[in-house]
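After this come two complexes, each holding chain A, first together with chain B and then together with chain C.
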Partner chain A sequence: MSTESLLIISGVVLSAVAILVFLIYYLVATKGSVVAEVAEKSGYQDKDVFIRDQTWGKPRYLSWSVLSANDAKSIGLRYIFTSLLFLFLAGAIGVFMRISLVDPNPTIITPIVYNVLLTQHAVLMIYMFALGSAIGLAYYLLPTELRLKRDDLGRYSSFAYWVWLLGGVLFFISQSSMRWYMYPPLSLQMQTYGAGLYNSVGIFAVELIFIGVLMASIIVLRIILIDRSDDIPLSKMPIFAWAMVFTAIMLISSALPLMVGVAMLFYDVFNPIFFLKDPLTFAVIFWFWGHPVVYLAVLPAFGLMYDVITRFTKRPMYSYSSGVFSLGLLMILSELVWGHHLLNSGLGIDWVLFFTTSSFFVAIPSAITIFNMIATLWTAKKIRITTPMLFVLNAILDFTLGGVAGVMLANQSVNEIAHGTYFVTGHFHFIFVGVTLGVFMAIFYLLYPTFSHGRTYDTRLARWHFYFTAVGSFLMSVSWEVGGFIGMPRAVAGYFPQFQPYQDSAILGGVIIGIGQLIFLYNIAKSWSTVPTVDPSNILEYRTETNDPIESSDLGPIAAKEEGGSGV
Partner chain B sequence: MTFKNAGIGFTVIVIVVVALSFGYIGVSHIAASSSLTPPPHAKTNHTAYTHLWADANGWDYNHGKINPTLYYNVTTLVHWNVTEEDNAPHTLTIAYDGAYSVALFDKINSTIATSPLTWEKSPSYTIIGTNLLTGLNTGQTVHATYPFLKGGIYTYWCTVHPTTMFGIIVVAG
Partner chain C sequence: MNSKTRTELLYVVVVLVVLMAAAGLNIVYVLGHESNIATAKDPSTVPAGSTVINVTGYQWAWQFTYPNGTSSTDVLWVHVNTEYTFQVISKDVIHDLLIPALGLQVYAVPGHPNQVSFSVNKVGSYIFECVEYCGEDHYLMRGTMEVLS
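Coming up: the complex of A and B.
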């Protein structure tokens, strides 16, 4: 394409985008002024306060207005549905990469595109889906669970959301292939075979994501610790609130060093004075954040798993205090084990021993958590096996399998042979697909009547969604763990022919997961078309005293609908 | 304004965003150029040295035949020496036009002079960019290598002067 035609086309496209953006701004501003007028007539000076008071305590369902209203629940809905959108994008990328590996030589996509897709899959899944959905659920569930006294940080939350979204979109546009851990010197090589031509944009986008996530987690921390109702003491908070407290503290304390590091890396793009001669320093700074961030994806999920289990067994948690204690211990330990990602990088034997030992200690709070969940199930008279419950039970299984693999990897002698293989990929996909994705889906189904203003999802399709996700994830991760343990290298566009059985069964698993998510998408669209039939309130939002037995009337519409279902 | 059917709306948004994103990756430079981008440490069996003079009036202007046709064997590592002749910026960019056949060569050879842009639309790769060939170093020679790993007919040109600086490369084998 010649320069002139490129200029003409880009000029036309940019003008069209500008007109569209202005149109959206015009519509939002017009609507805002109408709302402001109504608010003024009702005696409000600030329209945001007016909207908050109008929607306060009512079930909040999805509509366009969540994009302009700044109350906590609207922010929550924005985060939840945006992260769901990114889940589908990053998931489609993942399935695409899988299919390309059907043959030892790259098939559909070239190695360069594979590297780009690999980076995008990782970054979008972790920062946009896992973190976004955790923050979104906190914004959505906590205001009613904790009966907030005030909700006055809406504009900051909104800013955090837009910055986070801008970061995610920019990162995708940058077509970065620097891997999610951004190691220099690769991340400083602006070439197609390096980190991508526009990787400086990618580094900048990561910084934007950090700013958004950091702001949001500070606000979540304030919601829980300062703004909650006076009659809910810390000892009576829902366990999800505790999980979010630990998540937010962990995030705030570990993100800041890497934010400085990423800023230095961005400077290095133009004037390499920091990391080019000393790349290990960046690796250390990165994993100081990188290990906590993978716990950020499971800690909120643990809190939600407890909530789902207590509701479908009608039992209080087996031990509330040990549950909170183990989540807190997980937070502390997560900050002490990051070196196990660098066991083979020459940290020295003293540090390796320290990190190996501390990583083994992680097994203790994890085991307490799993024991607590199983004990709650064990003491229940009756367990209602609904779709959310199935996802949570599967999460317990997958966390155990993935966690054991993680403890194995933390052993230096195993790590020496298993690092950089698909064993690692299998380990964390067990946890990410089984726990992070599974629990998000469980909660999404529980909240579906609220989101959709009183509609119920198709339980048969939801079951199929669960079976496809659980079976596919198990098949994929197990194939990777077995293949990885005999030396199948990860993160490459091709492989040696002897690994084909493991790759092909993982592809089958990946495709099955993909089909399951398509069923889920179809279920959303189909069920939303039905006439609203049920009370849009849900069982997650309106209960605070975690230690008290639950009345059956608390179990919302879905539980009632599935009442006739299979009970154990 | 309430969403009458937010579920279908969301589903449509998901499908559109995923399709656009894949389209974006698909048509972007990484997909296009990756077929011509040489892998690091590519294995080659022959070596050739080619000297070109970059002038806005045509390659090798004032140095024999203008816009010469270049011939190599497949798996040749070509050492390009490009001399900046005028004060204008230049690039050395190539594109693959297809497997060798007399018909294709005749077609390109007969039309490239009248409509060179036709043959400069296929996925391209820039061997030497304007950062090296600028008016600042007029008279100097820039060196770069490119391995031809696939036989066929290529075109080469300067993206700044695509209508005057263009030529054909034939890679036999």
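Coming up: the complex of A and C.
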């Protein structure tokens, strides 16, 4: 493509984005000024304070107004539902990629399209769904769980949200095919056969996403550590708050080097002076972030799993202190293992020894966490098997399976066989689908009556959603692990015919997961079209302690409904 | 110490033992197979008597150049029970050569040659493939290793 047509196309695309952004801004600002007028009439100078006072302590449900209101709960709703949208976008891409692999040779889509989809699936799932939903749940749950003294960073949070969203959207339309690793020199090949014609936009978009999540993490950290009510000491914080503390610290400390690296990479697009001659340096910077980010996707989920388990067993956590301790240890050890993604790149024997050995040690806090959850269940007199609880139980199973595969990969002898194959894909999809997605769904169901201002969903359909997700995910990841172990490479648009059975059963698994999510969508859509009838409160939001026995009355009307067979 | 703490400690000790054993086995493996693990190219560490094959990865094929100056693309010829050393480089982007049957893996990085040694103890035909995503026809960057007697 000639430079001229490139300039014309990018000009048109950028103007279209600018117009869209302006339109959104205009709508939001107009809406804001209407609210500002009302606020003034009621004697408020600052509309944000007005909104906060109006909504404080009331269940906060989804409406268009969350786009203009800057209180923490509105920001949370924005993040949660935006990440849900991205989950469905990236999920559809994933299922489509699977289906395209029915034939060993690319027939349904060209390799170029496959590579774009591969890149979008990973980037959108990790940054827009996993990180977005964790940040969203923190903004939504923590203000009430921690009874915040103040909520005055709304404008910054809102800015962080829009930058993150702009980054995600730009990345999607950039049609980048650099894969989420962004390794140069490939990421600097601005050709359809390389990283895509507009990959400069793709790299820029990643930087925007980083700015957004970094700002949001700093704010979440301040909310928890400084703004929480004086009568909640650190030692009494809900475990989810602790999980978010560690998540935020981990994100802040490992994102910064890569942000600098990505900026240098962006510079390299125009004047390649940094990474072209030394691509492994970028790879090292990338994985210094890349490993921690995979734990960013599970730490918040761990916190929420404890919350769900303690609610439905009416038991305190088996050991709160070791729960907090192991989450903290996970944060520290996760920063030391990134080299296990580069074991065959020529790091040198000493580094191989260091990173393989340290990788075994990350498994210790992971194992303590799982122990703590199982022990809580074990000591419970009665476990109420609700849909959220099913998702959490499955998450425990899937994390164990995925974790065992991770420990296997930490053996150099196994890594030499399995690195770069579907075994790795199986390892982390057990965890991403089982834990990150599963726990998000569990929490979504729990919060649904509040989100929807008093509606319920069909529990039977929710069960089906669970079964399809769990069974499909198991089938998909197991097929990948087996195929990968005998050498089936990942990230490919076609494959040796001998791998067909493993691909086919993974496709079946992927399609089953997809059907499960369609059931979810149908269930929610059906419920949303009904008239609100139930109490819109939920059992999570006002929860302040994790370490005290919980009376059944705390479970509220929603839980009571579960026993009657409808409701949550 | 109450029974809760004791159960937990017991569990931690068991986990530790299992992991330490795994870590120990791994260390023994690594230290015993230094030449079978990809490291930066260094003529002084090529095992004595090992035949050097120059491997070049490029978008989207593998080229093998043998000591006698001949070369082959997307097919590798070796003899059974003979020690070989790959010296691997890339002409363009990062690639990664995997021969699953041997558990042999080495990155091909532009400007950063790597080396790795191996030998095959069974005659036959085995697949190899690129396992580092490298653009449009990444999936076609594959071939077979023919092991002759």
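Methods note: the second predicted complex is superposed on the first by the 530 of 568 C-alpha atoms of A that agree within 3 Å, B and C clash if a C-alpha of one lies under 4 Å from a C-alpha of the other, contacts with A are read in each partner's own complex, and residues count from 1 in each chain.
Criterion: contacts are C-beta pairs under 8 Å (C-beta built on N, C-alpha and C of every residue); 3 or more make two chains touch, one makes a residue touch a chain.
Note that this is a predicted model, so its numbers are computed, not measured.
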{"item": "Partner chain in contact with A:192 - chain B first, chain C second, else both or neither", "value": "both"}
{"item": "First (chain B), second (chain C), both or neither touched by A:283", "value": "second"}
{"item": "Touching partner for A:420 - first (chain B), second (chain C), both, neither", "value": "second"}
{"item": "First (chain B), second (chain C), both or neither touched by A:452", "value": "first"}
{"item": "Chain B versus chain C as contact partner of A:319, first or second or both or neither", "value": "second"}
{"item": "Touching partner for A:216 - first (chain B), second (chain C), both, neither", "value": "neither"}
{"item": "Chain B versus chain C as contact partner of A:112, first or second or both or neither", "value": "both"}
{"item": "Between chain B and chain C, more extensive residue contact with chain A", "value": "C"}
{"item": "Chain B/chain C common contact set on chain A", "value": "111-112, 177, 192-193"}
{"item": "Of chain A, residues touching chain C in the complex", "value": "106, 111-112, 115, 118, 177, 179, 181, 183-186, 189, 192-195, 277-280, 283, 318-319, 322, 342, 344-349, 352-353, 356-357, 360-361, 363-364, 367-368, 371, 375, 407, 410-413, 415-417, 419-421, 486-487, 489-496, 498"}
{"item": "Residues of chain A touching chain B in the complex", "value": "1-3, 31, 61-65, 81, 84-85, 88-89, 92, 96, 109-113, 116-117, 172-173, 175, 177, 192-193, 196-197, 451-452, 521-522, 524-529"}
{"item": "Chain A-touching residues of chain B, taken from the complex the two chains share", "value": "1-3, 5-8, 10-11, 13-14, 17-18, 21-22, 24-25, 28-31, 33-35, 37, 39-40, 117, 120-121, 159-160, 162"}
{"item": "Chain C - residues contacting chain A, complex", "value": "4-5, 7-8, 11-12, 15-16, 19-20, 22-23, 25-27, 29-31, 33-34, 36-40, 59, 92-94, 96, 98, 100-101, 103-107, 109-112, 114, 127, 129-140, 142"}
